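A, B, C, D and E are the chain letters, set down in written order, and residue numbers restart from 1 in every chain.
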């Protein structure tokens, strides 16, 4: 079932076109309010767009002209199942009955539906809660039952809106593994804020911002070579944009610190770029060194490439994360061991220099 | 306001005692259904425990004997504000009015309450949505308004149930930073599934499992030296438990792969341990090497310590995560570069050997 | 049977009496409930093959119902107006109605008679709470007639829609006095005291009875009407306070 | 999804949060409704009570009242549930006027309602002629009693159910539809179970109204013992001769109503228990 | 929290999902309620209509009906809201019986209700003697009309509101309490706004019932033009002389009711619009 989709919802500034191949899983990423849930609700048939067209396999889901008139398939005839952002378990049915609802609605016998439901509850790891009512479940337990319910209805297109957000770390890997198996040969869209979900579950990602597609491509391309600040943030990478000044040199669009002259970034070019081309430069925080003088006294531990860029910045934030501290300075960040942070007496407001070798700064076409 | 808390809820198998010092922030961790939300609801006065006692500063929140009789302060007199797991914004009030509700209820004038509310909406980054109704907000936007509402009521004890779960990566750092400022001098409990929240926001963590406290201590102690599988999983660390066999050697409780003899782990002892003591051995996945032969052919890149442990395991799962692949084998995991995974032809079911040097295996008292 | 003396001149009566069977439905004014229930029982006892179904309601309700096709054989009205409506509708023959009883007004007061009412003129005293029927209903029309005749101007605290409501206000002690029919005073027993007054003769209420033209059992209907207007009927009606037909 | 307040198992556990003055005013309101009942009870002549209540005509009337009221309630559910669903879930031109019109049997004095029914189903009525041609006479039969009761009781069911349907909203129905359930399945397995408490209380209201119905029945169905004379009509007739007897008979009506209402609430409580835990 | 269905701005956008057969049955139900009204309209003698409707007694009755019904509705809200809150939010011994008893004015034939009120507030009634001693006479006054109307209309408000309160649940109230709001504040700023639609429809039901009230008024308050003779009593009297005239007057009642009900729904729609978006 490949999907062709295009729809506009003026009231939410939503205008998205996308096609998905049979069996492909696409992760939908984007900041809060970007239109991810809107995208899914339109596909599921719960929100009627102002105009647009969607075809799943050979079934026309909707085809609406400018006036909003046209064909419109009701939700239950779409073969599209959706797990909404809140679990929305039917309050009058037990966990098991909730999961059995989908199969039964598609004509499966009661007994068979219940046995399928039992199997799905097993797979999401809450089979012991089968007879409980939704009000007697914790937040995460309810979310798992909702995942099972969406999967049990065996849809042709599966829509998942943040399915793992409420799961605890001990449960998430198992459910994620299960989802990967289930999604392997299934056409699906999954909204997530977790890069791990995108890597594990999705073949491609689409990044929405303010109701538009701003990036689209195979997961690894988009997240390893981000083109938008959002994708870079999600992948925890530093992203600087600019114009190619010379081979191996990119002139950054904005100085990193206000009041500075335009910065020249020395980078490793992976695309064929010539002077004047727009380019993105991507740097892992762990490849950035921090020093309190502009010299190279904080020698990199990697291969001693002498060609490096030094960025003058002011620390805005320190984030301890386990065995490293993330030192943030506006949009760029460096990871430093706690010991070094203490030695250098780093704190918000302190002026430091971030150093990065050309080998660790990857430049590609924007 | 320091807090003394002890309560039992038989129907949920909940039995927790805890004290929190004035101004301290405690992170509550635990798997789904562990009783984290129950803990918060009892403190907020929304669920009456079977028995127990809680004192906040010099105010007795409740004091219930075995029969359930005794003192019981209603929620609005507790000075305890709670952000529940669902946002639960009042549907008939705008975002701004939702936030202004708390101050107004505590007697602040309408104008003043609205200006405070405006300031809080600003801090959580949704000031442009002030006049919207909750139904017109996206999931993450609603959650931010709910955070603002809880903070605006300026409680003596603040309870936050997964406040950041629905936030996108671009918003989470800013809200987290804001929370850190706000929580700095405030007594608060924060339920989270995100280790970063624990590190950034909490002075101490308490780990609940099945309604009981299983671990408790300063954040770094609990998460760097985990004593429970849950805490280890949260910190993404490998945890093996066993008995000290000799100085520098711990006999693991269970063989890592079934059918193997008990394993001897060579470790760096950080506590004073003598033979027969119970010990935990903690290993970072990035310190674990993967090889397809039991020899040391996959030489570690670290200092060439010859004393190493080699664990025979079967791969259960591969999780790509950005520039590394997490190779899971039951409870233990190793991080390997994608290239190496491809070279060794790793896949679930393949039998491999995980190697770790004694320097990277930290043993401490259990 | 008690009707034998009069009925000697009408030979078919005794033969038809034995032939009467099936059932008839009698629509009777609510104020006839007690008497007609008793009469129907006696009539049934006389004619074992016959059952009498009784429907009681306000006369005007009954008129509407019969006009709309209610299955009535006999209509007994509490006033001539309502009977005339059915005659106009041709549901009752123009000459069919027979007057079978009369009724006169009395003053009803609570047993203790707190205001010491003795005459109609006492009802016009200030401070006496009097209830009467509204002029639109028969008992109200009668009340207006006696007021005119006596030259008394009563200012009632309420003009009720039916005698029952007037009586209710008096028995409950809510009103100090009310104008009701003699039969109502008798039916109410100890709950009220009745005070007769001479002007009541100026407004005698007449009860007509008639068969309905498209009734299912005209023979039995006529027999029942004869029974009501006959000696037994008169005895029962008189016991309840009704006067003889003029 | 955790709502601990509503799910406290022991009654003294849940935090109520009802201000004291609200309790005070509620007590005044309850007294206003209950005192007249007490006053009624004090006036009952208990010596006469048993023979009066067990007389043939009383028992006939009681039996007829129960039969017709239950039938009318069933009819109300049958017609009223679809009406409530349509009013709550669709929008069409004239809907608002239709909703007001459905209320009308409430505001019409019952006797006038009965006359309107006569004008419709009576011999000379709008539909009556058609029925007449088919040899069916509706007016003045037990069917007429049921129709009169249904007419006055239907708005109760429609209005209480429509309100509940709006309050519950369409979110669960939407989820059901995406799981592949056809509208009829959604209605049967999601919409209706979610509003079971409202459906029950609507049915109880309808039953109570049908049981007490008097004016429309009198005008439209007449008052024939065993056929159309329901308990309220019997009470009305008793009042002609003996108001205190009427009051005694009314007590029977009250007791029947309390029993039925309590039973329905009991059923609603057990049936809706799981549901209520989540509300 | 995203509920796109309910918030579609244009009416043809929202997915309804009402099965066709439901629409069919609903149409039958609507016809059943509407046909008698149509039949009534066809019987109106339009030549007589205007003089009849504008006669002094008719206008007096209409004015009195509107005044007393609105006052009774206000009383119902005043007493009924606390009663509904207490029934929905607290549990106490005997609560279930109390809820059934509150229903009773519904099931009591109105005339009997009026008699019971006489036994309570009448001169020789339970409380009447007390009032008498204070120099207050309720009988035969407009106050009695309002009391009778309030008595029969109160259950409508209590029941529809209680159902809505249970459906809405206590979650938002709990949040409000943890934000420091006292029970009274929670009631005023959260509970009541959340049930505004139900409160309005309950008030409309009460108003309609009060406007149509006849039997209890007749038995308790009497019938004097301008003081206690409301429109239904006027209609009843007209009927004695001319049933068609009564029908014409009933039409006035119907129009008044439709206007008031539509206005209330309009108010509810704009007031509850934001709320409904979220339900």
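Operating definition for what follows: a residue touches a chain if its C-beta (ideal position, glycine included) is under 8 Å from a C-beta of that chain, and two chains touch if they have at least 3 such contacts.
Note that the structure is predicted; figures quoted are calculated from it, not measured.
Colleague: Which chains sit in contact with both members of the pair chain A and chain E?
Modeller: Intersection of chain A and chain E contact lists gives B, D.
Colleague: What chain pair shows the greatest number of contacts?
Modeller: D-E
Colleague: Counting only Cα atoms for the centres, state how far chain A is from chain D in Å.
Modeller: Result: the chain centres lie 55 Å from each other.
Colleague: Let me have the rounded angstrom distance from the C-alpha centre of chain C over to the C-alpha centre of chain E, please.
Modeller: Roughly 38 Å, centre to centre.
Colleague: Counting only Cα atoms for the centres, state how far chain A is from chain B in Å.
Modeller: Centre-to-centre distance between chain A and chain B: 22 Å.
Colleague: Cα centroid separation between chain B and chain C, in whole Å?
Modeller: 89
Colleague: Two or more other chains in contact with one residue: find those residues in chain A.
Modeller: 37, 45-46, 74-76, 84-86, 137-139, in rising order.
Colleague: Give the residues of chain C that touch two or more other chains, as numbers and ranges in rising order.
Modeller: Within chain C, residues 64, 168, 172 contact more than one other chain.
Colleague: If you look at chain D, which of its residues touch at least two other chains?
Modeller: Where chain D meets two or more other chains at a single residue, that happens at 1-3, 5-6, 14-15, 17, 111, 115, 119, 125, 171, 174, 177, 182-183, 186, 239, 243, 278-279.
Colleague: Residue numbers of chain B touching chain E in their complex, please.
Modeller: Touch list, chain B to chain E: 44-46, 74-76, 78-82, 84, 86-94, 101-102, 105-106, 133-139, 142, 149-150, 153, 155, 159.
Colleague: Over in the complex, which chain D residues touch chain A? Could you list them?
Modeller: 1-3, 6-7, 171-172, 174-183, 185-186, 189-190, 193-194, 196, 274-275, 277-279
Colleague: Give the list of chain E residues in touch with chain C in this complex.
Modeller: 115, 118-119, 122-124, 139-140, 218-219, 221-225, 228-229, 233, 236-241, 243
Colleague: Which stretch or stretches of chain A touch chain B in the complex?
Modeller: Result: residues 30-34, 36-37, 85-86, 137-141, 144, 161-162, 165-173, 176-177, 193, 195-196, 199-200, 223-224, 229-230, 233-236, 284, 317, 319-323, 328 of chain A touch chain B.
Colleague: Touching chain D in the complex: which residues of chain C?
Modeller: Chain C residues touching chain D: 25, 30-31, 33-34, 53-57, 61, 64-65, 67-71, 164, 167-168, 171-172, 187, 191.
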